[in-house]
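Report on one structure; see the data block that follows.
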Amino acid sequence: MAFRKKFNFKTPTNKNTGFGDNASNYGGRFINKSGDANITKSGIGFLDRISWYHTLLTVPRWKFFMVIFTFYFVVNLFFASLYMAVGIEHLKGIVPQNDLDKFGQAFFFSVQTFTTVGYGHISPSGFLSSLVASIEALFGLLSFAIATGLFYGRFSRAKAHIAFSNHALIAPFQNQTALMFRIAPYKNTNLFDAEATIIMGIPIEENGIMVNKFYSLALEMDKISTLTLSWTLVHPITEDSPLYQMKEHDFQSIKGEIIVYIKAFDDMYSTTVVKRTSYTFGEVCYGARFIPMFSKNEENTQTILHLDKLHLYEKVSL
Amino acid sequence: MAFRKKFNFKTPTNKNTGFGDNASNYGGRFINKSGDANITKSGIGFLDRISWYHTLLTVPRWKFFMVIFTFYFVVNLFFASLYMAVGIEHLKGIVPQNDLDKFGQAFFFSVQTFTTVGYGHISPSGFLSSLVASIEALFGLLSFAIATGLFYGRFSRAKAHIAFSNHALIAPFQNQTALMFRIAPYKNTNLFDAEATIIMGIPIEENGIMVNKFYSLALEMDKISTLTLSWTLVHPITEDSPLYQMKEHDFQSIKGEIIVYIKAFDDMYSTTVVKRTSYTFGEVCYGARFIPMFSKNEENTQTILHLDKLHLYEKVSL
Amino acid sequence: MAFRKKFNFKTPTNKNTGFGDNASNYGGRFINKSGDANITKSGIGFLDRISWYHTLLTVPRWKFFMVIFTFYFVVNLFFASLYMAVGIEHLKGIVPQNDLDKFGQAFFFSVQTFTTVGYGHISPSGFLSSLVASIEALFGLLSFAIATGLFYGRFSRAKAHIAFSNHALIAPFQNQTALMFRIAPYKNTNLFDAEATIIMGIPIEENGIMVNKFYSLALEMDKISTLTLSWTLVHPITEDSPLYQMKEHDFQSIKGEIIVYIKAFDDMYSTTVVKRTSYTFGEVCYGARFIPMFSKNEENTQTILHLDKLHLYEKVSL
Amino acid sequence: MAFRKKFNFKTPTNKNTGFGDNASNYGGRFINKSGDANITKSGIGFLDRISWYHTLLTVPRWKFFMVIFTFYFVVNLFFASLYMAVGIEHLKGIVPQNDLDKFGQAFFFSVQTFTTVGYGHISPSGFLSSLVASIEALFGLLSFAIATGLFYGRFSRAKAHIAFSNHALIAPFQNQTALMFRIAPYKNTNLFDAEATIIMGIPIEENGIMVNKFYSLALEMDKISTLTLSWTLVHPITEDSPLYQMKEHDFQSIKGEIIVYIKAFDDMYSTTVVKRTSYTFGEVCYGARFIPMFSKNEENTQTILHLDKLHLYEKVSL
């Protein structure tokens, strides 16, 4: 098999990736583009394998608000039905014209209780309706306590605001070639002490069975003190690299994957943030180099980081 | 004593466990299955040795809600009694039919004040009842401020969502044997840079008195970059292992304990999480191996982690 | 000077303590018993040198509630005065009997607005009183938002629940002596990876001027994995120790101080907690040893930590 | 070029600063006095490059309150307009005298709903106005949930309360000179394990193009255990220093910059805090030394840190 000859077997493998080595157990890529592991869990109930709090922290904003509005609507429907069941005549101040109107007024009374607005033009007059209202008011306050916690959780969740270039490149570098991709911080946070770890995963045949092999790709520079500009990560393809002698068609035909971990200290959150992604070999662009993405401003007093240029590269022949 | 001969005295002991070495002071196991130390504290008042906040963070959900409901009920009973003491006639709008009804209406007025619903069909009319209502409204708001803090604390408490296999195994491993157990993450959080430390505690006779000895058990691999699949921890039983030459009946007769610490970076919480457990020798299964717990899906696009298989093993002869 | 001869000058000094070396600039002990630095700040306004938030987090519970009650009272006094100034006749529903009663009702209306209870038996009827009420309601909600933050801050502030023995001892230890003191965790939290650093500060004469010298005191064990029982910290007084050849009267006459830093990982807070204290030479008890403070329970199933014995020692002759 | 000869080329450069080395891309200083990178981002929408939450956490207090008041006013204007659109006659209890008064009363009803005060002297009577009020009450509660989160975020944001001296000095030091500046903690928080890193950035000509070179400046002491007093950071200008043989006029004519990173553990926040600043060569004062800034109090029981003396120095001839 031509592929095995080309492959650089001198490079020591990385056994501590946490990915299994039995390739036949694996489906698809190791890490999704988003950085999540490409794994589903089974054999355990949905609620046991989901942290509902963290799910609500990570859903997009519009979904989060949809959940809140739906909850608000359903809760008030429920309590309105309870007030109806108890007897609408125990809500003093309701002037019902028809059945629908009765339910509507019970619904709005429920809203006024749940939100603790309590205008009072409608008020509970008997024991049961007062009891339901008591429970609803407590439930309302607890719901908003939870909502407050969720909002704060969403705000304060430490996120690594780092963008990755769409493609990794095989670019010329000091009379040889190097695997390169770049990252840039895109929000008004300050990142320090950034560290990068690059691992290549590749399924290869060993003693007749397919196994996943993982190789740490050495970086020219794997740490920087300040991540305020773009950072181009460079893995020089020397004789020690597992990518040595790989050509354009190899990247197209082999099902390899380059897994990227970035770690930095965010002084806005005062904590360490982590971001991952991966480039499949198909996302590696052979023979290209990045176009610079920062320049000084006209007054020569500040440096401008052009985030729209993050993904831009130009083709070069190697 | 046959046991002492078998025991591998070349292995250096670990003196920094924090457990005392005088075995006669010790009762029961070192670490409970749940990971808590098997220790009670005495000689200090209950409130001084309990962090009520953390107790409320760690009680099961249903107990937490019980605490809230009980508090709500008791507080309103208390303030209802106060309004009765001040004189129910100072609550304008109450139309009492009998004494029970009086108290009931005072109770619901208290609810409406405590929750700040304040419908207003009942309202305080004199100085004293207004004062009590003022205090209750403040007290209500502060209570809900505390409840909000508790909810958020419960949500955001960093927990290591890691499950341990019920048993540790003595399994075949590279022409010898190894102590193995496995762990798996079971929630939708991402764990990185996982580290494991395994310590064996065993009471042995030294100069006529029983002392606790602790040994660090070397792992084939004590760190992995990503903990998204199951991780089988392997302590090879070589000549350097304190378990060398221990047989099935030794594990049954000796009161030893294997203490496990797992540490990982959880990028959902952006913090380091820790989980502990222990296996007594009685929980070690001699001559067995784990059944694989992950496989690819049918479309070969994802890997499935079968959490229900975490504890499964099959017997093998050693 | 006899003292200088006795002092062990071979021990290297620790220059990185952060305390200045000019003894004539220093007043009193370096670190207070509570662990705070014995320093006041001047030349900067009170508000600039105080973090009011952290001050409110650290004041005792009763003071914190006093602050809240006082604030609540003052705010309502202020708004009641505003409603009076605007004209009490613009508060519909008030039935004033005399001037004091007018103010009282304005005060309670203010309470009902500030807490958002809003019964409504009193309501603002003109533009100005409505405006004041609008501002008060907003102010009320923001105040409770702040209170919520303060409560949560107080709860969740990571505190090292570690108690120190009142005295450090000079105790017999392996045919020589050692400086010892002990610590114990006293709450239901779990502390791990505890580390201790001990520094001795002593003013000595050098070239005619008094300078502070600092020495790191080596510990027999400066790290333990689990801090669930008591931990006795032991500095063996060998030839390398700066305490070598110091006798009882030296500890009484010399103005030295032993500064203690404890650091541990608290898995309840998932964070590193720190605790400090210091023992002046006057707080060192020469010729004594600690009485054991843990034992097994009667059923031999658990270990009991007797926190009331933390400070207990017995005299021994050296 | 005289400058290049003087410059100490033996010093190894620091390549891991994260600042680019192409000087022609750079405008102005690297790091602003405030510690933020002197960089703007372009090519991406405002909302994408701003974390609105963090912006609201870092704006000055008065701006934060302005945002809240403006939001409150605008929201109530909006909902008042909605009530007008639905029909003011559906707000029972309004006694309008003219159109402006109508709007005013709708506005105050909106306030009472948004804040959940709900006096009830005005109340919604039809379906549409009840619906609008329902939405407003929910919106109000969510707004205050967000405000609570923002307040708590502002309070609890870990900030390094460290002040830097305005100038760095070239001062006499052990028969040679040293670059010095000093820092002091100014709030009632406790800082430990402080570490400093000093990097000098300087544009120099290399092969005809201007490149930025960065040099780590070695400190006499780069770590201290306790940062409770002032700390003078000292870079001795030895033969190994890139500042060797630089004279007063060099500091005035060369566009260099000294970038400072301070890192410490704050035990109030139980977290690592970071502070940065920079001194341009123009802010270096040649031939000066700091005036001591702490002394003992009169009773000799405490040490006083004079924060007003932080910036004070006196000229000396070198």
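A, B, C and D are the chain letters, set down in written order, and residue numbers restart from 1 in every chain.
FYI, a residue touches a chain if its C-beta (ideal position, glycine included) is under 8 Å from a C-beta of that chain, and two chains touch if they have at least 3 such contacts.
Predicted, not measured: the structure shown is a model, and the values here were computed from it.
Engineer: Any chance you could name the chains that touch chain A and chain C both?
Structural biologist: Intersection of chain A and chain C contact lists gives B, D.
Engineer: Note whether the interface between chain A and chain B is symmetric in residue numbering, meaning over half of all numbers used appear on both sides, and answer same or different.
Structural biologist: Interface between chain A and chain B is built from largely different residues.
Engineer: As a quick test, compute the distance in whole Å between the mean CA positions of chain B and chain D.
Structural biologist: Once rounded, the distance between the two centres reads 39 Å.
Engineer: Need the CA-centroid distance for the pair chain A / chain D, whole Å please.
Structural biologist: 27
Engineer: Among the residues of chain C, which ones contact at least 2 other chains?
Structural biologist: Residues 112, 116-120, 148, 152, 271.
Engineer: So in the complex, which bits of chain D are touching chain A?
Structural biologist: 15-20, 22, 24-28, 35-44, 48-51, 53-55, 57-58, 92, 112-113, 116-120, 122-125, 127, 130-131, 133-134, 137-138, 140-142, 145-146, 148-150, 152-153, 157-158, 197, 199, 261, 269, 271-274
Engineer: For the complex, which residues does chain D have touching chain B?
Structural biologist: Touch residues, chain D against chain B: 116, 118-120, 148.
Engineer: Can you list the residues on chain B that touch chain A in the complex?
Structural biologist: For this pair, the touching residues of chain B are 68-69, 72, 76, 104, 108, 111-112, 115-121, 144, 147-148, 151-152, 155-156, 161, 186-190, 192, 194, 221, 223-229, 231, 265, 267-268, 270-271, 292, 294-297, 299-309.
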